[in-house]
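Below are two complexes that have chain A in common, paired first with chain B and then with chain C.
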Partner chain A sequence: MADSGVTDEPGTKDDVHRAKTEGKELSKEEKQRLRKEKKQQKKNKEKKDEKASHESEKKKNKEEKPVSAAAPASQPPTQPSTQKAVPAPAPVPVPVSETPALADKPAKTKADLKAERRARQEAERASKQAATSKPKAPPNELQPVVKRLPEHVQVDNPGVLKKLAKKLERQQTPGCNAATNAKIPLRLDYGYKVSLFSHLHQYSRKAPLTQQLSIPSTVIHPAIVRLGLQYSQGIVAGSNARSVALLHAFKQVIRDYTTPPNEELSRDLVNKLKPYISFLSQCRPLSASMGNAIKYIKKEISNIPSQCKEEEAKRKLLSCIDCYIDEKIILAAKAIAKSSIEKISNGDVILVYGCSSLVNHILCEAFEKNIKFRVIVVDSRPRLEGREALRRLVQRGISCTYVLISAVSYILPEVSKVFLGAHALLANGYVMSRVGTSQIALVAKAFNVPVLVCCETYKFCERVQTDSFVSNELDDPDDLIVTRKGKTQLEHWQDVPSLGLLNLVYDVTPPDFVDLVITDLGMIPCTSVPVVLRVKNVDQ
Partner chain B sequence: MPGPDKETDLTERIEAFLSDLKRGGSGTGPLRGSAETARETTALLRRITAQARWSSAGDLMEIIRKEGRRITAAQPSETTVGNMIRRVLKIVREEYARSRGSSEETDQQESLHKLLTSGGLSEENFRQHFATLKANVIEAINELLTELEGTTDNIAMQALEHIHSNEVIMTIGRSRTVEAFLKDAARKRKFHVIVAECAPFCQGHEMATSLSKAGIETTVIADAAIFAVMSRVNKVIIGTQTVLANGGLRAVNGTHTLALAAKHHSTPLIVCAPMFKLSPQFPNEEDTFHKFVSPHEVLPFTEGEILSKVNVHCPVFDYVPPELITLFISNIGGHAPSYIYRLMSELYHPEDHEL
Partner chain C sequence: MELQAVLMAAGGGSRMTDLTYNTPKPMLPVGNKPLMWYPLNLLERVGFEEVIVITTKEVQKMMATDPKMKIDVKMKLDVVCIQEDGDMGTADALRHIQQKIKTDVLVVSCDLITDVALHEVVDLFRAHNATLAMLMSNAHEFTETVPGQKGKKKTAEQRDFVGVDQSGKRLLFMANEADLEDGLSIRKSIMRKHPRMHIKTGLVDAHLYCLKKAVVDFLADNKSISSIRGELVPYLVRKQFSKTTNSPKIKDDAENQNQKTNDNFTYSNQRDNTILQPQQYEPLLQLAQERSCWNDHRGDMSEAYHGGKLRCYVHIIDQGLCCRVNTLAAYIEANRLAPKLFEEPAVHPSAVISERCQMGSDSIIGALCQVADKTSIKRSTLGNSTTVKEKVKVTNSIIMHGVTIEEGCNIQGSVICSNAVIGRGADLKYCLVGNGQRIEPEGEVHSHKHTK
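Presenting the complex of A and B:
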């Protein structure tokens, strides 16, 4: 399991203690300076030992990345332990860490430290590569690899839950006392969880987190509260929609933000965002696209030079966010539509699944270009998102057929192409998408129908996953209940001890089922995803 | 001699049965299991044998065929009816042959050699009258009825040979045979069952509640999650509506997807089907193979504005090719799909394949 403050290295115990006692008295900036100094000292001392211990740590953690062991140096054990020992605002990684490379949040808040470290690590790596013969791909962005498992896949570990509760308590606006009820509540799981998924959260839609919030809630901006409620009730759904809504909410937060005295905008704003992100992830686990967007924002905020005036800084941030939305979502959609239209020919019968905003956009664009095709929309219970897609397509005038997913073997012989949307593309080439996508790809493969996945590059994610169990989302199990002919069979499923309902949200499609991925960078095979990630990282 | 009252009584019963079939198949009437249908058909045929006027086996077979054609036309998708009729025809042939003499008993298999050498001898016109034929036929039909009553139990008795402890078994929809099978195994072993709900009719829900009441750990999943959870499943056990002559299945909607997912993960697919579901049809008539019900189940009338502009399909059955099936468990034991054609020749006479 991911390391916690519990497993301290023997040499750092005194530092931890010192930091604890000192931390309460020093101001934040002094604290940070102290930290910097300590780190530099330790790095020179413990370089070699930490490498060894870090490699064993890497084996413990489940997440694998194409990052070499040269990167970590002395960071992982010392940094987290010193940081964790210091109370509020503790830079504990938010369960956003789809890309654990940047899970080491403290690094991001100190850009200059990063540069320093990078230079040192380059030198290290050069010397190490001369010595060892291990074939490791050098990381582009030499982040210390702190591979912590995100909290939302460790629900069965009571220690992790306790830590989360404590973290939520700590995340308050500085100046608020801990005794007030101005903290983010911990959302409780609902219902009997199938044993295969006991490591995931399962929430009920009837008990949104906002009910547990006290009024007035000084911790969380009202736009974020509204957003959280929209997420948890399913009002805002879909990868792109959620990301755009998140970015708009953050814009509102930035507009309403004022830097407190003696604080720097670049550091304080990031810390302000942390409780919001915890709150949102409690309402509904964050998606990969949201994670990437949050990373981008944090980077932009921390890159604001300290001399910048507040108004100018805010303007800059707002324009950055607009630019991100424009580039990564809107223009990307246009580019993808342009490439996809080449793949649609007259007389095609196209099968789509569920409601993907990108695929709908592509089909509408193709229809504008007067290509004659018809669409088959496949839908599944309990979300029935396909009806929304059906409405949009029919409004444009595209001729559609509608079936449920169990009828897909019946309808597939008529189909010439399958277009699927994606929630995220994982680094090992697997496509993470709405549950049922892998099934459609499987049956299409059996009937030799080409499967094309459309995905913007901002949804690419450095995680790897091979099955749909280890990291997923469990939706409200009551959604599966249906009343037919006046009888509701599963109405009292809670009373029956051996009956469980499982409402999965995502699944992963293996790359051999997918023939082509259409992105804004072009049309690539599924296995080229890590290449794109690498190119993107180099650009950044 | 059966009087005119009995005749009208007989025709009434046949009409009642026909209308029952018509209503039951549309999904609005009381849904009956195939076992019930088989029993009722056989009982009806016994009554026809007892009460109709016939003097020779040929007459009886003609009557049965005529009524059989009417009954199957009422609900073509209910193949158990046709199967039972063919079974009874075969019984009649056998009894006739036995009455004639034991030399004809070996005429079970129409071997190529026999066809070439005997020439036109296989032209039985079944015109001979035997006094005991009626009694024999009715007795044989009674035996058939007892066999039908025991089928589910016979299949359930084999459960412990196929399920080990701590297994995860997946099934789809609702099958009374599979339910009995799993409940029987649950008496001695502990295992988990995952039931795919099988939209839009969601019969899986009933199956799940019934299994969980018997103390089996059950989980209900949506159809869309079949492939997602398949990696964790040890066996897939399903029922079917019909077993086709090539060893393929005509099963409930979504079974083909389930079979493909099982094949992908190399999970064995076991079909629990009693012998009366074996039908001498082949799946080559695409138009007549499928049955559709009201698309209202899929897209309800509340979606009115788009309803008129889209085509909605709601097929009821799926074809599963024999390559995807690992094992058939029937009341006479377990078989591979490649063996089904032999079983067919034991149950039905080739001339009866076309009623």
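Presenting the complex of A and C:
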């Protein structure tokens, strides 16, 4: 719907675009013409009638850049609506387009030629697809662009696992000996997985990936091996910390990189990074912030002009990385702190959950500004990260209370505001954060306490999720085992066939429970996340 | 490159001179393979491609001629020779090759036989950005009677006191009994940071160390440290908790554990703070650690690692084989355990064994042996080119290369070194026969070291 609004721009722009982009966007007349021709084709081909129209519909939708969530069911209604809408502005753009056309005869003939070429291509495509005649579900249930499920949420599908293993084999670092046949090892799952989450990986901390690597690691840069170990052991934890550590490791990789002969830095370096990223994602699934950082780096690397010398290119990349961290993490934190401090007033009782580096930063800054408030730190097992948050706040001198999450409804009557950190903000406004956050938001909503989520924009991601099952992370189930008074009750949990231990890491909070999202772009409601994403994409 | 391997093979074997006065320790046969083959094999299995071997000229010559070393060891060995008679300690040797060391270093001793998963030690080194990571094992008591020792001799070995923290990984304290005169004194600063410390005495140091490159550079400047185990490691462990601010007062009374060598550390305090502390954390690493919600301890107000930049870690193994062959008892034990590490045929294909020979399943026969009829070989190792004549009974013994055993001998619990000749009908119990010795026929030797 939003898209058809975009494409309904005045026709002059379309002409200009056409001339520039070689017909990537069709003007209204061309679309009309195509539609007419397709209708004719439909009438001509009786047997392949349905399929042809389906193919053409899909193609049309592809050309119109569909929004992923938009169902094709809405497309047929929009088409007639655009058809209706088009005749209205059509008289306006048509004379407008005609005048430049008349003035510029080659343009009009070019348009004609292009339209004819288009029609021919589509006819060919339709016939080819009809010829192969793949059985397809009725188009109303099919999405126009089939998005493939990421591999890390298809663990229970053996075909996908095999594909992943093959992909790791193929991703040998370029330039390694064929004799050694070094490849990225595959980390095996551990223990019984609860059936609802059997599509996710579950690794054991006691079986690190380095077991299968050679010790002076030649396949993978030592900085990346160290980083992977730190991820899997939890030494570097927290969205910001992981991204910064990742960028630091990439800086070392870039520093030690030399372009092999007959290769271009812009292409070879990206290929070199791929096995490292596979390795890291096996040590611990990548976070949304890390994904965005990797996208940024890959873009920067591929944008390096080929005539740039290696030293200069490396220097440029290193400064790009520093710039990214400065902008997106350090300055963003400052900006967010500044906006948040306006929301904290004297006498406030602020509830925080777990250890979010951003929220801690905000509270410390607010304390520096001599605002009188106190903090309630809510913590949960097995990570017990709240203790670390408690330590940092108390060290600064902030008066804190510490409770476990089971006491949240008892303590909420005292609370005036809830500040939450986020791991990622999804495109439909849901907040992905540490497991337990949605509970806190829910209870806060029940008590009518405002919930503010603080999140930098580089953590915004284009994924859409409405529940915590489809995509999550399963941590080591042995973390749930605790020894009290010398007795470890769950020690032999694997021997009990009906028992499964589940250690979830993330959960999603619906936007109804979140009152405000504080970002470095300002304070926005949860539903404005897609706007921010779109603005970001246009910028890039 | 991540790690460089250094094999220390210049040791003299001072605690088993009976065996080593003729054969240098690295080439002593254990399970019919030279002793230094075992650590080299460990490094090769793990994935090293190059090793720097520090040894003497004599050993280098023997290495060149030994078939096992030439064929089985596929890695590139960079042999550095040092003077044999010189009093070079392990740290001195590291200093000697300082030019070759370009990255962090993994130092292994030639007398280590183990099947430990080396990645456990190296992972500690990598994950915590440690300065030192070492390997230790819970020692076993040697049950076999050691030849040449009359009666049960209590091992009056000096005990090592090793203090580790709650997780069992961080090394807090290390001292040898010889250096502690009145008792164990632990600094208050350590107790404040790590209130729960486990002190273990039964651990065997495997002499396998991962050291940062900065430590090698530090050694180059501090020429007084000559032994890694004896001086460098306790020094590094102590240095974890020393105040970073340098006080003009040089002697720290609370540190008086190494009475003898205390003077040697005094002058180095001033400079080593800059050398041993790794160059200031890259700002990004610092930022990552600040933002990370992880702490290695809890209960006090300090950040992860208590803000200390120098960290020493230890990996203690409970199961598995880890023995250091530096005494006679260890040598015998190793001979029995080492063959179990590998699945090689017990009998070398080129050995000639007659059918009427009774051979136990846990015996090893070397290449080109000749074993005659009516012999019985149980729980023993026969070296290469040994000749065993008829009616010989060999039990629980280690026979090295080139030995001739005449008929009717009875050898029990003994070690016979290379090229010895045991005369006819000799009866040896718990003996040690040195290199090239002769035992007279019908001789009866009991618990005696028959050397030159």
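Following the convention adopted for this analysis, the second predicted complex is superposed on the first by the 386 of 540 C-alpha atoms of A that agree within 3 Å, B and C clash if a C-alpha of one lies under 4 Å from a C-alpha of the other, contacts with A are read in each partner's own complex, and residues count from 1 in each chain.
One rule holds in what follows: a residue touches a chain if its C-beta (ideal position, glycine included) is under 8 Å from a C-beta of that chain, and two chains touch if they have at least 3 such contacts.
Computed from a predicted structure; not experimentally measured.
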Worksheet item: Looking at the overlay, what does A:V538 touch: chain B (first), chain C (second), both, or neither?
Response: neither
Worksheet entry | First, second, both or neither for A:G436, with chain B first and chain C second | first
Discussion item. Tell me the contact category for A:S357 with respect to chain B and chain C: first, second, both or neither.
Written reply: second
Discussion item. Output check: A:P208 vs chain B and chain C. Expected answer is one of first, second, both, neither. What do you get?
Written reply: second
Worksheet item: Touching A:D507, do we find chain B (first), chain C (second), both, or neither?
Response: first
Practice prompt. Considering only touches as defined above, state whether A:I235 meets chain B (first), chain C (second), both or neither.
Written response: second
Item to complete: Check the residue A:V496 against both partner chains and state whether it touches chain B (first), chain C (second), both, or neither.
Response: first
Worksheet item: Is A:V394 in contact with chain B, with chain C, with both, or with neither (first, second, both, neither)?
Response: both
Worksheet entry | Shared contact residues on chain A - chain B and chain C | 387, 391, 394
Discussion item. Show me the residue ranges of chain A that touch chain B in the complex, using the header's touch definition.
Written reply: 194, 196, 380-382, 387, 390-391, 394, 399-411, 434-436, 438-439, 442-443, 446, 467-469, 480, 482, 484, 489-490, 493, 496, 498-504, 507-508
Worksheet entry | Residue ranges of chain C in contact with chain A within the complex | 1-5, 46-49, 106, 117-119, 122-123, 126-129, 282, 284-285, 287-295, 298, 301
Worksheet item: Within the complex, which stretch of chain B touches chain A?
Response: 194, 197-202, 205-206, 208-209, 212-213, 215-229, 231-232, 253-254, 256-257, 260-261, 264, 290, 298-299, 303, 306, 309-315, 318-319
Worksheet item: Which residues of chain A touch chain C in their complex?
Response: 208, 210-211, 213-218, 222, 225-226, 229-230, 233-238, 240-242, 244-245, 247-248, 251, 325, 329-330, 354-355, 357, 385, 387-389, 391, 394-395
